[in-house]
Amino acid sequence: MSLTYLEAIREAQYEALRRDPKVFLYGQDIGQFGGAFKATKNLQREFPDRVLDSPISEDAMIGVAIGAALEGARPIVEMQFADFSACGFNQIINQAATHYWRTNVPCPITIRLPSGGTPGSGPFHSQSMEGIYAHYPGLVILTPATVEDAYHMLLDAVSLDDPVIFCEHKFLYYHLKADSLPETGLPIGKARIARPGRHATVVTYSAMVHECVRAADELQRDGWQIEVVDLRSVKPIDTDTILASVARTGRLLCVGEAFPWGGVTAEVISKVVEDGFHLLDAPPQRLNSKDTPIPYHPNLWRAHRPTAANIGAALRGLLKF
Amino acid sequence: MSLTYLEAIREAQYEALRRDPKVFLYGQDIGQFGGAFKATKNLQREFPDRVLDSPISEDAMIGVAIGAALEGARPIVEMQFADFSACGFNQIINQAATHYWRTNVPCPITIRLPSGGTPGSGPFHSQSMEGIYAHYPGLVILTPATVEDAYHMLLDAVSLDDPVIFCEHKFLYYHLKADSLPETGLPIGKARIARPGRHATVVTYSAMVHECVRAADELQRDGWQIEVVDLRSVKPIDTDTILASVARTGRLLCVGEAFPWGGVTAEVISKVVEDGFHLLDAPPQRLNSKDTPIPYHPNLWRAHRPTAANIGAALRGLLKF
Amino acid sequence: MAAPQTITFTEQDATDDFRQQYLVTYRHMLSARLLEDRLAALYRSGGKIVGGVYLGRGQEAYSAALGVQLKKGKDIYAGLIRDQAGRMAFGEIMLDTTRTYLGSALGPMRGRDGNIHRGRPKEGMPAMISHLGTMVSVVTGMLLARRLQGTLGDTVGATCIGDGATSTGSFHEGINTAAVEKLPLVISVANNQFAYSTPTTRQYACDDLVERAVGYGIEGYSVDGTDLAASLTVFRLAVKRAREGQGPQMIVGTLLRLSGHGEHDDASYIPPTMRKTALARDCVTVAEEFIQTQSWLSTAKLKEMRDEVRHEVDDAFSQASHEPAPDPYKEPWRALSSWKQLEGDTNEA
Amino acid sequence: MAAPQTITFTEQDATDDFRQQYLVTYRHMLSARLLEDRLAALYRSGGKIVGGVYLGRGQEAYSAALGVQLKKGKDIYAGLIRDQAGRMAFGEIMLDTTRTYLGSALGPMRGRDGNIHRGRPKEGMPAMISHLGTMVSVVTGMLLARRLQGTLGDTVGATCIGDGATSTGSFHEGINTAAVEKLPLVISVANNQFAYSTPTTRQYACDDLVERAVGYGIEGYSVDGTDLAASLTVFRLAVKRAREGQGPQMIVGTLLRLSGHGEHDDASYIPPTMRKTALARDCVTVAEEFIQTQSWLSTAKLKEMRDEVRHEVDDAFSQASHEPAPDPYKEPWRALSSWKQLEGDTNEA
């Protein structure tokens, strides 16, 4: 058996529906059609009452999921693209995120955000919104980079009693494959050393893990051993694992695909310098997208996001310091 | 003449309307009623056609402003509370922020967000959203801390050809006063040394400037000279002024009222360590609100946000290092 | 879809059962009025009340007439800003109100949220957030979950909204979703002529908001919201039809807010002429007169009821005012229910 | 507010002027169809097209019938996904389309945005963002600014939307705001029975979306969107009434999308039976037959027109395909128009 990142997401939803009759799926075109990316393909056939097509109403979609969760259901909401969650933003940050704290009643919903850029998708079908949601208390933000994590973390998200923003990366959907799925995954909130090394640490997540590993492989040729830490969860952030890595390497580069102001990379760097300043032998660096909307044309798009090439260049700069 | 922060905002709007017939105001209850905080008091009487009450439709309010700007108008939109801008979030970040870059046609709108906490206002009338909007390319985010800045920066916002998120702090509305207004203010994007010092730098903005100055005054008694930098604009950030201050003091504390994950304080720290790592004699520190929604009860509220007391404590920790 | 109807009360509706319901509802109205009068007085005297005070004065009949149709423990009732009466009619206890307003740590919101934002979601009373319109889809989702889990039966979910909030996208999306799912949602619009200071002419352009019902493919009713008899009649009908599976029901009650938006507001923007129209009738007085005309209760009995309620109000205030305020040092400051599980895994929540 | 009307074409409407407009519109329909056929073919052959391709096949009559009523340089036209024909009828040049799809740096979006997201706001053609419903308030704002500045005159603003997008809160807020301001907004709903794969039964519960008009207090019309004559008639009327100051006009055209949602989609979810109904008539064929029945053009003339259009399409594609792609090294990567001013002040944009 071999399956893709996208298939893992489908399988996890299948498994979630199978395990727990309280789970249901809600989203645009997810029923008979199986979703814009086919992440729910055939699931309505298997669970006819628990895979529901919604109107184009992101605000109500989240509101419905919240209400359903209050009555004991376990909704998984698919946003057709992460970008459209902007229309459900208010319900996510003000209703879902505050609910447990205000009322003592938890709000277990999972919101799937097909995230990140692919060539030719443009400013409104390419966004990475993890940094926006992570700013708000009361949300858990997961950003799987591997097929295995896509599967196990989605199942974990559904069983967690809190609202989870599940940022799955569209660029990984089809070409990231695994031969099989391990029985269990790492716990939520734990980072993973994607590639061990000792000269510098790259902290990253989601699709950028693969760009960073590529850059690290490239630097290996020159004898540099770069450690790549895959955050897996951007809220909570596993500061222990990051600090342990920086303690080994003394150098830190943070890479994210989102916009450069604030967000995950700034949060990681701030955490590291607060608690691990003495571990650093060089100024910690960030690499994010450029500070413009995400371009449509692939020529521009490739220059807009971090790639193995400029990650490698940033690393060389860092190592020279 | 003496005027409050709130009156300065009203005066700036009066002046903007007077100077330029293309300026108009749009918002809920801003007409005859003069707005929930009276920031537009009597302005409809003076400019009957250019102060318009809107329906409770934050998404449309921003959309209307964008459309009007494309036709050459200069709208100032009042959100009744910053928190309700969450319902206009999509139009702000996807329509206004991307417009110039996509089409080459600028989108000069000013969105006033009555921001920040006051006792008894609770989770939905107290939010500070500057860090959310600053994440997005294409927006300018202003956070005046003084009466003078409230006035001049609002006028600057209206004359700027880009969308501006104007975060005015409700806690300053009534009790912050100035005797008169200077003829001009600092340019947009320039930070201000609110209080000079040489032992540590506190970078902050909006209402927290005053808490930080209070904390600095308190430490002065023990001989500590704390420099307080008022960012004024959180996007763009005036890194030069910050770095120059850190070069003098070697120590950095960043204070913000917003939630602790990401946001302005993380951005400032990341910028400083990237370019000014060698200037630091101690790990740079952050102080934000607690990572929960903003509490309603004043007892909890006072413990939720940074105050002169815990800013002072953080500074003492930093100075001991 | 049939055109919306205007519902009035006719003498034939005055069954025994109706009389009983009328009197029970009147008592809830009175409770809400006296409780809120006290809140207003406390607010004005300063110090005691934490935060703002938002009253339902003038809307008690319309509000309670819905709450009284529903069963706590079975149905759902999501009251909004001006639904003190409806909440009480549904079964919310007075202490929940006084504790929340007085900032007792023992109230349902424990000082974390306040005034009208209180609720007990596990008892069918969701706790509203401020953002208007957003509760419509939440109640819709509660009903949907019941249907999926096979527990819907003949339960209904009710939610309330003002004229102003009908302009929100959230209202539109929520009601449309409920219509598509044909869920037993009862949506009560209290058209009190103003949204804060904004008159309806700046809020919508149709003649009556009930005209929206047809466009959603749901049943709609108009009613004089100052008239308890008519309000009971319309909500009886609407709740019955919702229970029977006729899908969402929209009721628009016409009335006037007889207070400021909050107690900080003198509502001087309400034209004096409007205060002289039938819209401005005080529904509590109207109901009391109706009771007397029908000879359902004597003046003595009415006074007795009023005294009883006053005592209940006294008790609720006195108990809450002696309770402790929330203590920031005892507050765990954790926004996630699973924080222990997550902190076990890593070093922060 | 009067009840919505269903508009049909009657022979009396066939004035000389109408014939002329019909033929002009038909030519735009043909242009759109042939241009989009080429886009689809290029998409399938791979490599040339940057991004996705979304066609208006089957909607050309309804789309162009609105565009042709408007004057570029005076009115506003915000076309949406399936409005290639309407855009052309309004006056968008073919090169704007081909350049955008082929990723030429010389197109209006310069490679920064693509396909249907193109526009020229300064020429009355706002550039849509993807988030559905959001353009309604933008066009409303454009009209409002004109009124404030005294330049509204008898200009109108038109915006288009699909059945699915009527479920967005943004649509609701935008249209309600236009109604409150009584602005000359023409809102054309193309009910093509599906939103991506979602049938209308999962999108709304009313019988006809035009029933929403009454609830907004605006005028509404239904029309068979496959019929160019009827579509011209309804939009003539609606645009005229908007120009005259009668406020927003909502038109709902019924038709079927004769393509996938995008060219990646085979639309196998459309029931074959539906493909056999009148909804599935190809409006281009219908119009051509009508022209022949009316003897307005000979078969030879029609063929001549088709050849002319084909040449224009050829030229537009050939020119755009020889133009340079955007160069990331020449891109200033600045999202603010005032970046120079702001960088003068500080060290970053």
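In this document, chain identifiers A, B, C and D correspond to the written order of the chains, with residue numbering beginning at 1 in each.
To be clear about the criterion, contacts are C-beta pairs under 8 Å (C-beta built on N, C-alpha and C of every residue); 3 or more make two chains touch, one makes a residue touch a chain.
Here the structure is a predicted model, which means the values were calculated and not measured.
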A student comparing A-D to B-D should find more C-beta pairs in contact for B-D
Of all chains, the one whose CA centroid lies most distant from that of subunit D is C
Between the Cα centroids of subunit B and subunit C the separation in whole angstrom comes to 36
Between the Cα centroids of subunit A and subunit C the separation in whole angstrom comes to 40
Residues of subunit C that touch at least two other chains are 109, 112-113, 117, 129-131, 167-170, 173, 176-177, 180, 202-204, 334-335, 349
Subunit A touches at least 2 other chains through residues 54-55, 57-60, 83, 86-87, 90, 94, 97-98, 101-102, 123-124, 137-138, 290-293
Contact graph of the chains (line, ring, star, complete, other): complete
Residue set of subunit B touching subunit C in the complex reads 28-29, 32-33, 36, 53-60, 83-84, 86-87, 120-125, 290-293, 295-300, 302-304
Note: in the complex, subunit D contacts subunit C through residues 1, 167-173, 176-177, 179-180, 182, 201-207, 209, 211-218, 247
Per the touch rule, the subunit D residues reaching subunit A in their complex are 50-52, 103, 109, 111-114, 117, 129-132, 164-165, 167-170, 195-198, 202-204, 269, 325-329, 331, 333-335, 349
Interface with subunit B, subunit D side, in the complex: residues 108-110, 112-113, 117, 119-122, 126-127, 129-131, 134-146, 148-149, 169-170, 173-174, 176-177, 180, 334-338, 341-349
Subunit A contacts subunit B in the complex at 83, 86-87, 89-90, 93-94, 97-98, 101-102, 123-124, 131-132, 134-138, 235, 258-259, 261-267, 269-270, 273-275, 277-278, 280, 282-286, 290-293
